[in-house]
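You will see chain A twice below: alongside chain B first, and alongside chain C after that.
Let's turn to the complex of A and B:
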């Protein structure tokens, strides 16, 4: 098979979803179909998910040979990690679409473009997940980011949304600029932007070249912005608060996961030779994100801002996974990778669930995004309160929820790699974080309701919350299946080719 | 290995019962209370066979069940019990039943959720005592926080929010640090043997390891465990959550909290710290003993000045748990026996005292000691129960408290002399011997008698001068039934502790054995009169079972 043919074959999910996005765009111009676009978009993502899953199904888990994984002249790769994350993005997209269906009506901005933009954003993320070259990663990053700039400002009549989009766009554009600049410096130092070639060249050359270090720092800045790590987090609370809640949900899970894939590829493959240089950098980012994110979240009265700060803190936790990958032992590296993948997958389901509840509270004339708005939820709807309770406990990492399994793996990875101090910082932080998650719980269970407007419950929302709830409880109690799946994805990982 | 379902049944029966409760209409409060009582009663019944089917001289852990749970990280569903855990399980099921029974009239709002939480809590606590897998243990240990949080936070007193959050965060802090300790142990054992497992029985082998790398790591692990367990106990500087939680919790919550939850901390020390980290235990021993004794005296003195009846009982718990810790860290057979028996005793007498406070609170809606006086004329039955339990708490012979405290003091007396308590920032050291510890502890008993009797005098005797107190009704049949089993147990342990001692003895012996195997050769504690416990009766406790051997 020629490289092009194989490339197109491997690129089936991206191609399918792009065409599907255009198709939705056309369809939404016909008024007859306007009501169906949302559902069709979810279906499209589901189909794409099927295609993604068909790779391991058709080929068997172990037929992938390291050299076969690359395509388009080593620009991209289709390994287990890429497949795993593509699945995660699609699941996040499906859930976000489900909670958007009624939400957009409430906001009065129901239109077909919204769903196509989500599809295109997912295409961008999938390209990022497969990218093995700074350039292909950049292409995916830009595609994703541009879609999000529009989505964040989707509430045209809402000034907060406009402000959020503006901030996100300006800082985002700046950070992509920084990314390209960093990539160019690395190219000038090493003569390649391909991560695997970069890794190979480190074995010959010295890692201390100032150009290289500057390039690495610039890439860290740019990716730090994308995952909202302190001190590059300033945009996150505003963007999360202003954006339509369904978009926030998608932004805080899928786009963060996509940025972390790029993080892993760049640092654990390309820059592995200069691990001593990036290790302290990432450790500082991690500790700062955890600590500042959690302490700031304590002070928030707005649910979306609180979850924004909590997601900053969670980015700090996940960074530990990358830090662990700086250890030379193969199995320690794998533990780091495993913990990171597991955590991002689990976090997607928790956070989407939590944001779905915020969506439920958005009713006509009521923003419903304050913590107080959760008051008396238990009295009015015990099932909803229970779901939110599980999401909050899961975010806090209490056992018997999926969040604990995720946190456990990060603790274990840190301990295994002899980063006990990082583990201690992380556990102390998770105790702090328990306070503000519990605050939501006490509003739900111990306070009387503040209003009597009916909750915006819709079938799509119920389905999304149900899926997230089931995931959290099942993985919390029987995590083996998910762990095994993640482990296999790592076994299929492409080594230097 | 043949799987025995009995422990799984005991543990998960309340949970299944709680799920069944979800199908009830929340308005039919009577039916809910009956149902919950029946579930708790069944839970108690199924746990009784453990008492007579357990063979003290058989395998170390019995009724075992072992199957893979999360094989990729070496986590098994491994449950099993020895003598120590059996007594605690029985305590839990009995107190669980009584606390359900005591809630019939005390809880009138959100009844359904209340019993659901109470039953889930029961499963969590039982799970802690049956787990022989660290991961499983941790899951139960921490998952249990959530129902307790709700019990305090929803059905508690005026400051319930503060108390619930404080309890939750405090305990969470301890548990996550303990988790790091568990992980350190897990990875060290895994990297040494290639067998990554959380199995407690396997990890106990680490207690025999004397390599320098392990010894220095074990000290850190001990500290991590210490934070987790000491907060739960609570030991002296970590006790501040306890009075708040106790005072704000509803009666049943306090009973469970004092009766069972606190025991999880002491149980943790006995089950994990001592046999797995013997060297580190000895290293930190002076501190442990010091904190225990400070806890005894401090708890007693603070209890003395309380104006609130319930808070007084809460602080007395700090003091009593100090006794348990002293017995456990005496590190000899007799002390450990006493410490563990005292855990049970404290569960019985303090559990009963909290029930008694709850009964009067239900009638008067106040707990201020100054609001009462002369109640014995109006409530003779009540006063009788209160007197028995007061005396049991003080440690009057023929009641359970005496046996526990006496054995602990005997154990403490034989703590080898020569412990140095370094004075920080100087080169000097205080020399403490077992006799010093015992004398301090005896002082605690005296103080204990003082605050309990004074409480009794102020509330029960004197003139019945408050008009609100004159119309009070004495105990109903149901209320008598909640207290009667505890009185029976108090007398049983006080007069004839042999069956309990027999169950404990071999398990305790194994721990002491394990501890002494890694001890330095010059001062080794050898259990000599192994059967001493068998013939022990109230008032005629035999000579110490450990003596010092020089080689």
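Let's turn to the complex of A and C:
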């Protein structure tokens, strides 16, 4: 099979979803189909998920050991990690669409373009997951980011949404510039932007020039912006608060996971030979993100801002997984990778669940995004309160929830790699975070209700909350299936081709 | 044509993000000045490429200092944390 034919074959999910996005755009111009566009978008993502899952089945489980996984001139790869994250992005997109269906009606901005933009953003994320070159990662990153700039400002008549979109756009454009500058310095130092070729050069003993180190620092800054790690986090609270809640849910999960995939490819593959240089850098980012994220979240009264700072702290936790991958032992490196992938998948389902609950409280006369808006939820809707209880406990990492499994694996990976001090900082921060997560629980169960208006539920929202709740409980109690799936996915992180 | 409410909302948002509008130019110019000075000093003192690298580094540090001064709210401004 020629490189182009193999590339097109491997790129089927991206191509299908791109065409589907355009199809939805076309369909939304016909008034008769407008109300079906949301459901059709979820169906399109589900079909694409089927195509992604078909790869391991079509090629047998050999796909997890195959060596010829590169395509488009080594610009992209289809390995287990790429498949795993493509699945995660599509699941996040489906859940986000489900919680958007009625929410957009409440906000008065129901339109087909919204769902097309979600599809295109997922295509960008999938390209990032497969990217093995700084340029292919850049293309995916920008496709995703441009869709999010529009989605964050989707409430055009809302000042906060406008402000959030402008800030996100300007800081996003800045970080893009920094990424390209870093990539250009790396190219001038090594003559390539391909991560596997960079890794091969390091293995041959190429020296680290100052330009290369500067380039690496600039890429760290740019990716730090994308995952909202301290001190590059300033856009996150405003963007999360101003964006439509359904978009915030998608932004805080899938887009963050996509940026972390790029992080893994760049550091655990391309810059593995420079581990002594990036290790202290990422350790500082991790500790600062955990500490500042959690302490700032303590001060928040707005649920979306609280979850924004919480997501900054969680970015710090996930960075521990990458730090563990700096160890030369293959076994330890794989443990770091496993913990990171597991954590990102679990965090996606927890956070989408928590944001679904914020969407549920949104009514025409009430934003529903303050912590006090959750007061008395237990008396008015015990099931909703129970779901939120599980999401909050899971975010805090309490045993028997999925969040505990994610944190436990990160903790164990840090201990195995002899980063005990990092594990201790993580545990201390988890204790601090429990305070603000449990504050929401206290409001739900100990405070009287704020009003007697019925909550706005829809079948899509109920389905999304139900899926997230079931995932959190099942993975919390029976984590083996997810752990085994993740373990199989990492067996195939491609080697230099 | 946007509604008047939309226009005023957009104008208010633009006022809030005004400090962010110059970020890109500030960064590019500061790094560019560092590179140019380093390159010129290298040629003059025949020290290539060390002063150029020093210029890039100084330019980057300056650019990030100016960036954080623009985006971080000043102490005591009473902004949201």
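Assume the second predicted complex is superposed on the first by the 487 of 497 C-alpha atoms of A that agree within 3 Å, B and C clash if a C-alpha of one lies under 4 Å from a C-alpha of the other, contacts with A are read in each partner's own complex, and residues count from 1 in each chain.
Note that in this section a contact is a pair of C-beta atoms (placed from the backbone, for glycine too) under 8 Å apart; a residue touches a chain by one contact, two chains touch by 3 or more.
Values in this document were obtained by computation on a predicted structure and should not be read as measured data.
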Where does A:191 make contact in the superposed view: on chain B (first), on chain C (second), on both, or on neither? neither
Does chain B (first) or chain C (second) touch A:434, or do both, or does neither? first
Partner chain(s) touched by A:483 [first = chain B, second = chain C, both, neither]: first
On the A-aligned overlay, A:158 touches which partner chain: chain B = first, chain C = second, or both, or neither? second
Would you sort A:170 into first (chain B), second (chain C), both or neither based on which partner it touches? second
Which of the two partners, first being chain B and second being chain C, lies in contact with A:231: first, second, both, or neither? second
One more residue to check, A:412. First (chain B), second (chain C), both or neither? first
Applying the touch criterion given at the start, work out whether A:108 contacts chain B, chain C, both or neither, answering first, second, both or neither. neither
Interface with chain A, chain B side, in the complex: residues 69-73, 138-140, 142-143, 145-146, 149-150, 153-154, 160-161, 164-165, 168-169, 172-173, 176-177, 179-180, 183-184, 186-187
Chain A touches which residues of chain C in the complex? 2-3, 5-6, 9-10, 12-14, 16-17, 20-21, 23-24, 27-28, 31, 53, 56-57, 60, 64, 67-68, 71-72, 80-81
Which of the residues in chain A come into contact with chain C in the complex? 156-159, 162-163, 165-167, 170-171, 173-174, 177-178, 181, 210-211, 214, 218, 221, 231, 234, 237, 296, 299-300, 305
Please output the residues of chain A touching chain B within their complex, sorted ascending. 393, 398-400, 404, 408, 411-412, 415-416, 420, 423-424, 427-428, 430-431, 434-435, 438, 442, 445-446, 479-480, 483-484, 487
